[in-house]
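Dropping a structure here in structure tokens format, bear with me for questions.
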């Protein structure tokens, strides 16, 4: 009898841990989205595609430039961030004064283009990226075998999310940023280059997606549609957390990953719908999201 | 315009428009509908087009004194896209026969079209046994293999070796379901037990939660009732989470390309069933060398099957003197297929091509002479042992 | 309001087209045109963006398909049933969605559509990844055999004309005037005493019903209903068609659907299949940046400015 219970506990903990790992990706990606929407009022539907670009950049960097995983962790987000800044300056800034929905449609189109280009170049089945040597192997926990690389993912996500939250909420730079989005003219009057800050912020939000891409490469195959599959979930998370809330996105991302894991154990068929059910419920009860401020 | 007028107009137009059913125009046009860039692209994608073209070329490029035409398209593994392409091909582009056909969902949708329009479907990539049972038709030629042969090979052998408790990770569509059902029956019939199963969508890349469930089940063997990259990814996840240390993994459908993509140290020792191995004998080696020169990679059983099926079809057209599907099918079923692929073969009344299958074992890297030396052939399984018996109601040769 | 001559010209083309063009392609085009027109009712005339319209297209397709496969119903009854199912779903989803505005409305519709997608993915009756295959067309009213593609096409043409007429009547009715008022200045409409939420909800239901009508018809044309119809890419595609064709114009969705379906026809299935997404994406971007009024919108502007 206790043997049966043991297995159940082990299986449950295993799923929760996997859920936490998935939640780390959700948190990183929704953080980027939340920054871009919360602070810049831009709806970046291309976040998923840029995550995919990050993963491909790591893969191609390894193949053609002998870029190691560790180098990719640093350079790929920067590269993706720069790419994002170019997009913001040339495509998004011109429509900045229009209805938010236009930025949604524009970035949607962008995402389609990026996905199409990579599918054309690389086919739609996944390519594999090797786990870095230093992170191979794992630890045998009582309830499951935890691969080192997966633990690494959780660690990186928590650290990056934490630092970002601190930077935005607690530092002077963050204060400028928040001021710049609430009242750009006033801040500009103080001599702060507001357009530059906006561009840099967009670049940072996108760089987070690129980072998530590099982290994902060894565990999810690198394929052109990896972004579109995860994007809808991430959008739901940002809405649940509250579209203006940075902290909300992080916490909700991790929480949703765990909830998904729980569902996989108790009622697997619902595991893909549970996030959307939660979103609908939250929107009905607290429309601005769990941690959001009314727009 | 009133409805009545519209109906009248429609009736007139209807008589003017061609009621395009299968055209017997004396010219043979083959359409290869395969997965050109997705999960199954290496198994039956551009390679199936190459193999079919090889058959056409070896046949002489002409039949019934007219050149043989070959066109191809990407099903993108979507039934609706494949169905639309197939429909357009047979209704407005004079395609006689559709080949390639991988992914049982796609093949199901396409055969709905070809059965109605009386065109032959040469199924070389798909595995579901439904095409010669529930969904049998006089216009279906199921050539290369099916799930029954796979189960009777791999599963039966392993249960016989004492692996009694099984857990399935199944691709969640027609093929996966069929493979799991048939395999479960074989397991139970041989004294084994299915302790659990889980369904993963086609194209899943991260199998970690499924692997965890398998680990919790206490099975002896985790059977992967999927194919292509799904199998490779599942095996990777199993390795990553240490499952391979305590349980066996049985890849129920593994093609040579997938074997090459797997880590030999982990996959080595795995037994699987296949319809073809390039290094089996002189004949297979000769053909495979030619194929590799054109395609750049050793052939999978689907490629070899595509060549064999096309050849047999063209021979039948020649003998029958027409491209009419009924007549050609009858001719195909009268002659026994005989080439490097179809060994001890018979093309049955239900459209099933029965031939010898091979039980092979994946070689560990240390045992391999070169990167293509992947299998050790353990035994030959005669066709009538491997395949399901013909159902009376599907016997179209009576 | 509608140019009589243009209408007659289009109708004539519609009636004669199957003599020259593959009827199934034409039928597909009209189904998508109806879908886009239904969507445009919300975006163009009420001013709200639904990012989950695929849910209704798919529901129409699955319900109609299931009825044709599992009962002896004649096609027109099955299509009507599919339409009603879409209307019902629209009523429920609409109630939830219209409480929110702008981007939140779009997100709610997206979430609800995803919910629908995953339910259909799991539900055995849809066939999941395999799709609902082999849907029979049978005979319209029990009399007219639909297995001939040209006959089927004329039925689709009739259905499209009906849907188009309904949208036109709705827009030009007092109800439609209120919708336009809501689009132009919602607070003022509220201050005038209109129950704005109820108007939006009604428009949503009509839009959902017509989308389901398109879906049910389409499943008979192709004798197949699949997950592609409920996937969020499909929701994106209908936005594209409307955007390209001209938001808020009557013929815009038709033009947009014609363009997109034709592009798909030529590019998909071949080597160039992936160019399709690249081109579609590029068109989206260009449309938003410059061409926001779409093909028909630009033509109208051109006409107004020059004639």
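Chains: A, B and C, in written order; residue numbering restarts at 1 for each.
Please note the rule applied: contacts are C-beta pairs under 8 Å (C-beta built on N, C-alpha and C of every residue); 3 or more make two chains touch, one makes a residue touch a chain.
Composition by chain, UniProt nomenclature: A, C = Branched-chain amino acid ABC transporter permease.
Not measured: the values here are computed from a predicted model.
Engineer: More C-beta contacts across A-B or across B-C?
Structural biologist: More contacting C-beta pairs are found at B-C.
Engineer: Suppose chain centres are the mean of their C-alpha atoms. Which chain sits farthest from chain C?
Structural biologist: Comparing chain centres, B lies farthest from chain C.
Engineer: Could you work out how far the Cα centre of chain A sits from that of chain C, in whole Å?
Structural biologist: 32
Engineer: Would you kindly tell me how far, in whole Å, the mean C-alpha position of chain B lies from that of chain A?
Structural biologist: 39
Engineer: Counting in whole Å, what is the centre-to-centre distance of chain B and chain C, each centre being its mean C-alpha position?
Structural biologist: 37
Engineer: Listing for chain C: what residues touch at least two other chains?
Structural biologist: 121, 274
Engineer: Could you check chain B for residues that touch two or more other chains and list them?
Structural biologist: Within chain B, residues 37, 76 contact more than one other chain.
Engineer: Quick check: what residues of chain A touch more than one other chain, meaning two or more?
Structural biologist: As it turns out, chain A has residues touching two or more other chains at 119.
Engineer: Which positions of chain B touch chain C when the two form their complex?
Structural biologist: For this pair, the touching residues of chain B are 1, 3, 6-7, 9-11, 13-14, 16-17, 19-20, 36-37, 73-74, 76, 78-81, 83-85, 87-88, 91-92, 104-105, 108-109, 112-113, 172-174, 201-202.
Engineer: Considering only the defined contacts, which chain C positions touch chain A in the complex?
Structural biologist: 49, 96, 99-100, 102-104, 106-108, 110-112, 114-115, 118-119, 121-122, 232-233, 236, 239-240, 243, 274-285, 287-289, 292
Engineer: Taking the complex as given, what residues does chain A use to touch chain C?
Structural biologist: So the residues of chain A touching chain C come out as 43, 91, 94-95, 99-102, 104-106, 108-117, 119-120, 228, 232, 235-236, 239, 243, 269, 272-273, 276-277, 279-280, 283-284, 287.
Engineer: If we count contacts the way the header does, which residues on chain B are in touch with chain A in the complex?
Structural biologist: Its residues touching chain A are 37-42, 76, 198, 205-206, 208-209, 212-213, 215-216, 218, 228-229, 232-233, 236, 240-242, 261.
Engineer: Show me the residue ranges of chain A that touch chain B in the complex, using the header's touch definition.
Structural biologist: It is residues 7, 10-11, 14-15, 18, 21, 119, 123-126, 128, 131, 138, 140, 144-145, 147, 149-150, 219-221, 223, 226, 261, 264, 268 of chain A that touch chain B.
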